[in-house]
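Below are two complexes that have subunit A in common, paired first with subunit B and then with subunit C.
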Partner chain A sequence: MEDRKENVARKLGRGFRATLEKIKNFFLSLPARIKQKLAGAKEILTQGNGKVAASMVVMGLGQLLYRQWAKGILYLLAQLAFLAYFILKGAGDLIGFFTLGTHESNAWYGVEGDNSVIMMLMGILAIIALIFYFVIYLANVKDAYKIQCAVDTMKSPASFKKELSSLLGKNFHKTALALPIIGVCVFSVLPIIFMILIAFTNYGGTVVPPALVDWVGFENFTKILTLGQFAPTFFRIFGWNILWAVLSTFINYFAGLGLALLLNRKCVKGKTFWRLFPILAYAVPGFITLIAFKFMFSYGGPINQMITDAGGTAVGFLDIDAKWTARFIGLGVNAWLNIPSGMLLATGILSNVNTDLYEAARVDGASPWKQFVRITLPYVLFATMPVLISQFIANFNNFGIFYFLRGGLYMDGYFLASDTDLLINWLYNMSIDNNYYSIGAAISIIIFAVTSVISLAVYVLSPSYKQEETYQ
Partner chain B sequence: MSKNLSAVVAHIAILLAVFIVCGLLSSVAAATDAGAAKFTGELEENATLRVLENDTAIKQGYLAELIAAFNEEYKDYHITVQDANMDQYTDLENDGPYGYGPDVLYQANDRIMRYPDGKHILPLPAEEFDCYDKISEKGWQAYRRTVAGQEYTFGIPVNVQGPLLYYRKDLLPENWESEWDDDGDGIPDMVEYWTDMYRFSKEIKEGGGGKKFGYMRSFLEPYFSVGYLYSYGGYTFGKGNTDPSDIGHSKGNAELGANIIRQLATVMDQRCIDDSVTTGAYAALASGEFFATITTPDVYTMFVDEMKAKGYTEDFIAENLVTTYIPKLPASGNLEDESQGFIECNMMGGVQGYAISSYTKYPNAALAFVKFATSYEMIKRRNELLGIVPARGDVADEVGGLSEVINNNLEAGNITVMPSIKENAQIWTPLQTLFQDLAKDAFRTGAEIKYATLDSMKEALQRVDQQIYDSIFTLQ
Partner chain C sequence: MKRRKIRPKRLFGAAITYLIILAVCFVFLFPILWLVLASFSKTGSIYSFRGFFPTEYSFDSFVKLFTDTEMYNYPRWFLNTLFIALMSSLFGTTLTILTAYCMSRFRFKSRKALMKTTLILGMFPSFMTMTAVYILMTQFNLINQRWGLILIYSAGAPMGYLTQKGFFDTISISIDEAARIDGATNFQIFMRITLPLAAPMIVYTLLSSFVWPWSDFILPKLLLKNKDLYTVAVGLMALDNTEFSRFAAGSVFIAVPIVIFYFALSKFLINGLSAGAVKQ
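Take a look at the complex of A and B:
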């Protein structure tokens, strides 16, 4: 097995495991790291000389006093640039982040007041800029102290040219990551923080710009869990959402695996031809497939046409009474959309299984079922657990299925939702159809917490995590 | 240590001082006054106006004609109008403040009237328009709103939307004049009274083996279904559709309207429950599968196209594809009981019109454009090209026919204009669910039947009212 080339899924598994390990190690080592950092800071504070102190007051001053001109000027410019930003905009944005505006716009009189949503965004940006500034400030102090240490030990401090060249050598990772980190902060971290913070405001309903938004603390979470209409709907949908995610992941995964096993058998002729059909289904855009299925199962669709032509009565597959029928159709349609990808994944993994294991099992008298349970399944599960978890999360947050198949219904006993809606559909109804953005954001945080906990728990309990050595 | 600590503290103190001084200064700064958009009467020269029109007007070439005419008329002022080239449902609330919205917009009253609360559209000097006294009070009401204690007009009505009955004259029974014209007015009773339509549809369904139907229409769309509730005393919002705290679909004898829906469903098939019949209605009427259906006036050409595709000549279509106002309902609320006489069927309608964005740089040029676009000549041309029902009474009277009928019905209160408040967006899904449930009930059997009595229908309507109320107010 060692000689075989590792497939993509296993690599993914290892990457996921390694990431988890790193996260775990990070938190475990956090106290020691903090202690170490504090010791380092204490050393600089106690041992730093006047020139280091100068860098603490004005960035780059210490470096200039040590005749490190280029670095000193760059640090000084960084401080001046930050101060200019802070004076002209940053300080106001930071205050705006807390107030979310004090002047309301009035378009009739051309009064451009405060836009709370923009103020929140700019405030987050100011906080990120402040964090960046402190990172540079610390680097400046450390650098000044490093120069002092070098001078004290009669060594010549590294020249600017040398330090610059190290950015293309041993410190290349810093150069390479600088821009992407800024990009991630602006385009990824900023919107995520924004969405999380919206959950702590009253944004939505009648409070939309030009009206000013306010911070409301945990009020939205309290509403979700305590309001008469909310809590029962939340728990009903949540229960169905868990069931849906488990069932759909299970069906898609095992049907994909089954199909791959079937098409892997030697007795099957024209394998390429048969594999083409699921791939075709996979290639059609999902929402087109969903609209087509909705029509097929509608009262005017071909299925009911055939039923009525045969003398039967039309069946409401997706209508108001079709709670469980619609749920099963949803599972089936989701399987239609996702089994092909599962089949392709399993086909790739099965091609790497050591056939000697099956040979040995056959010699020992193991039945095909035993071979599947003891060899195929553990191997495939091990390799695909991270993919399985990502499928679970995708299914948990599967917006399209019931939006397209059975949208536009609010059922008795549900608040702004139907009995097939998932949390993500409820979130949509709430935030888009009814403008309750803050409540929608609060629900999305709950969804995030739930999917994270389940995913981590499933992974930690899975063979991919526990028994990695078995398959090495 | 103390020296270095002092240095760090000094640095932080500098930052804090900058933060406090600059932050507080910016927070107490007065809001920027960019100058109000006012109607001074002085046309802004070299203005370029972006006009948002509906897709049909663009496709049929009306907008191009309107723009060309206006540009010609105002060429001395160098005012140019152009298609805003945006989605017809563009949201001014989000786009306007950032300068992306149109200067002039043409939308239905329920959409336009979402904007006054945020002052996204300008109050218009309606009395300055030459159409002011030509448009009915009901039309103007759709665009009036009280803001900060004063009533303003925010839109100029152009087009009245209301449902019509489409039917095939050639599919009437040969003996209709003797058997189906009890009042002897020369109009078939089935297109005058829902009781006769019901009886006629029942006969067709029973004789057609489930392949032919009299009246057919999906109940899923509240726009076409809520009128049955209105006809018996129900309403959407209180105080003339302006008070969202008073939701009244269950008020009066609205349950009789619910009963009408349930009864009508029995003479159709299950396709009336979902929307699968909606787009197929044109072809079904053309093929003779349906005798009649209800829809808006602007889709007349769709029926004509389908009939042409079936081989019918234009003359035949002109004679046999008939549009008329919605039949009268029995006062009893029972399609099998005419004993109490008839009442008008009050359907939901809408008024489309022009409004001016508060974010326009050229309010006077925009006002001149709206005046031009709502002039007698342009509205008449709009009617000729698009088949709209003009809100201007003088044009409606001149073109006559259904335009006159619909305007008269609007005036008489038989068309209830969609509420012009933003809470209207929250009525559709609860109503859609209810109408689907009522239609489905006609096909339920035994213990599954939910609405066997008027009381049960009343309770369902009350639940829907509560649901709408909760969706509007629970989270506020």
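Take a look at the complex of A and C:
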């Protein structure tokens, strides 16, 4: 989990500039690319002979006419299979995607109704099948045209056997990438699509199959932002969520940097040894430390024991009324968990700072503080801006901290949440524990929108974006 | 003369530095030390401790952890975790290495598009789709199945192919070309030449894709409802408040392999983290 988070965070940071650049380039190159595609299509349409046209009408027919038996039969089978699927099931699924079911089940009369969730899934699959068919269809037409070109220039077209063996040779990437791509599609892309769609339905609460689910447009979003049941909770949690993300990112970042600078001082001997302690903290799985800290601050925990031994009364650090103590403990625990990785990062970056700069500064009589503010900080900030942003996102969505420290508390004034919960905890409480699926999905879209807008804005305003070449 | 004047100041500075370092190290070490010592407590109850530490020590907690399995079946959880982590690591590594190899060595038409797509997909945090994954898994009938978790972990792994791709980029292509002249197919080149050369990277990938399922709690908590299928993370979360020593012992037992792994890779960690940050 930790490792993956780090990985994702890194990619995310590196991705920002690349994405911005790529979006720009994409739109700039769009006209040329469309032109190119159209030219290709035009060539096939005008130059293609009757056999290519046959392939356009029935997949594989052109290949058969050219006596490419195996390929022709495969394309023909694909055509037939798709037609059979679409007539028997796909078309119905596609309609079902829009209606999400019309027959409500009725146990009394023994009527088996439509299952809206399954229908939505099948609808998505039908759309994917359509796209897939379209891709194969295009490949089929292109293939027929390629054979025509080969025959016209008196070359013999590639045999099926040869093309098959190219899957281990020239086209090895097609074979190798098939499985990873299918996996990512099913387990990463499908959930994203599914979640986005669910946010626009009324799925959840009492509306779960066998009851029929319906499309409701933006109703869930207006509910969250205006309805008395959700809106106060949303804005309270949202405010705290922003404060938490800013505070915790700030604390972790500068504490990590400070620790790295401290250990980097010339007078410190045995740097590797001292570094082992934060690494030790970094290495222990997060859930273990979180549960341990919960024990530490619990009523029977060692801290309270010491307080009672000293004659005091036990303090409910994480109790239902312990708003700010709990929040501060959360910040502290989060710092304990994340400072080590911040330190490792800063250490790595500090080793790349140009030492001549410090030499020059010392000659000019700059104080250590001035050196830090004028040389170290700008450099480190510049180099770590993408990481800083991804840490902000990770903190904004820090599920673990309050799930473990205070999980499952529901408070007055909050709808299924407590005053330390972040949006991500609320989302969990709502959708996993209490079946408010569509509201949960809408919240996750809001979270995504908020975090991406904030991080994009910070990034565009940051020096690492404005003066890209400063340190190159 | 000048030198002497500075010295006491420097000494003072060094003393302060060491004091802070000692304090920080104490802060990081203390909770872990507390856990380790608690796992060796004799009575097992947190109420019998004096302050932070147990009064008497023994191996009882560890023995109980593996023998008293009626309520809390730790050996079972441990095997589940091991199975899930091993399988995910194997499949995930295979997929990641294949993806990275293709992205590094082949220049095909949809390559750029694929790379962009993974980048955009990476911007959707995985927990965001928690609800959707939960519903989907219910529909696929993969709730309460260890294979469901393995599928999710290993299918998500190739998204993190960039590190491995960077490694393949550094292996010279000339060897590949020589082999190709001798008539080897790309598949043979991959199996006979690239894979053996990439051994260190494969080990790294195996380990890091092992660590994630080993210490994850969100997915197993979401998908495993049956007590016999719990992973250690879910099991330890379900422990009663009074079972502190058992929790400590269970934690120590599962944390030790990871800690060793991180220490072995600590140098790599520093380089890797900063390389990822600076290279943009």
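Methods note: the second predicted complex is superposed on the first by the 324 of 472 C-alpha atoms of A that agree within 3 Å, B and C clash if a C-alpha of one lies under 4 Å from a C-alpha of the other, contacts with A are read in each partner's own complex, and residues count from 1 in each chain.
The rule we apply is simple: a contact is a pair of C-beta atoms (placed from the backbone, for glycine too) under 8 Å apart; a residue touches a chain by one contact, two chains touch by 3 or more.
Because the structure is predicted, anything quoted here is derived from the model rather than measured.
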item: Contacts of A:92 with subunit B and subunit C, given as first, second, both or neither; value: first
item: Touched partner set for A:295, first subunit B, second subunit C, both or neither; value: both
item: Partner chain(s) touched by A:109 [first = subunit B, second = subunit C, both, neither]; value: first
item: Subunit A residues touched by each partner, larger count belonging to subunit B or subunit C; value: C
item: First (subunit B), second (subunit C), both or neither touched by A:217; value: neither
item: Subunit B versus subunit C as contact partner of A:365, first or second or both or neither; value: neither
item: Partner chain(s) touched by A:408 [first = subunit B, second = subunit C, both, neither]; value: first
item: Contacts of A:52 with subunit B and subunit C, given as first, second, both or neither; value: first
item: Those residues of subunit A which subunit B touches in one complex and subunit C touches in the other; value: 295, 298, 300-301
item: Footprint of subunit B on subunit A - complex, ascending; value: 44-46, 48, 50, 52-54, 56-58, 83, 86-88, 91-92, 94-96, 99, 102-115, 137, 204-206, 208-211, 223, 227, 229-230, 295, 298-301, 304, 308, 313-314, 316, 318-321, 408-412, 415-416, 418, 429, 433-434, 436, 439
item: For the subunit C and subunit A complex, residues of the former touching the latter; value: 10, 13-14, 17-18, 20-21, 24-25, 27-29, 31-32, 34-35, 46-47, 49, 51-52, 95-96, 98-99, 101-102, 105-106, 108, 114, 116, 118-136, 139, 151-152, 154-156, 158-160, 162-163, 185-188, 190, 208, 211-212, 214-218, 222, 233, 236-237, 241, 244, 247-248, 251, 254-255, 258-259, 261-263, 266, 269-271, 273-280
item: Sites on subunit A touched by subunit C in the complex; value: 1-4, 6-8, 10-15, 17-19, 22, 117-118, 121, 165, 168-170, 172-177, 179-181, 183-184, 186-192, 194-195, 198, 259, 262-263, 265, 267-268, 274-289, 291-293, 295-296, 298, 300-302, 305-306, 309, 336, 340-341, 344-345, 347-349, 351-352, 383-384, 386-387, 393, 397, 399-400, 404, 424, 427-428, 431-432, 437, 440-441, 444, 447-448, 452
item: Complex interface listing, subunit B residues touching subunit A; value: 1, 3-8, 10-11, 15, 18-27, 30-37, 93, 96-97, 117-120, 122-123, 210, 269-271, 273-277, 280, 358-359, 425-426, 429-430, 432-433, 436-437, 440, 443-444, 448, 463, 467, 470-471, 474-476
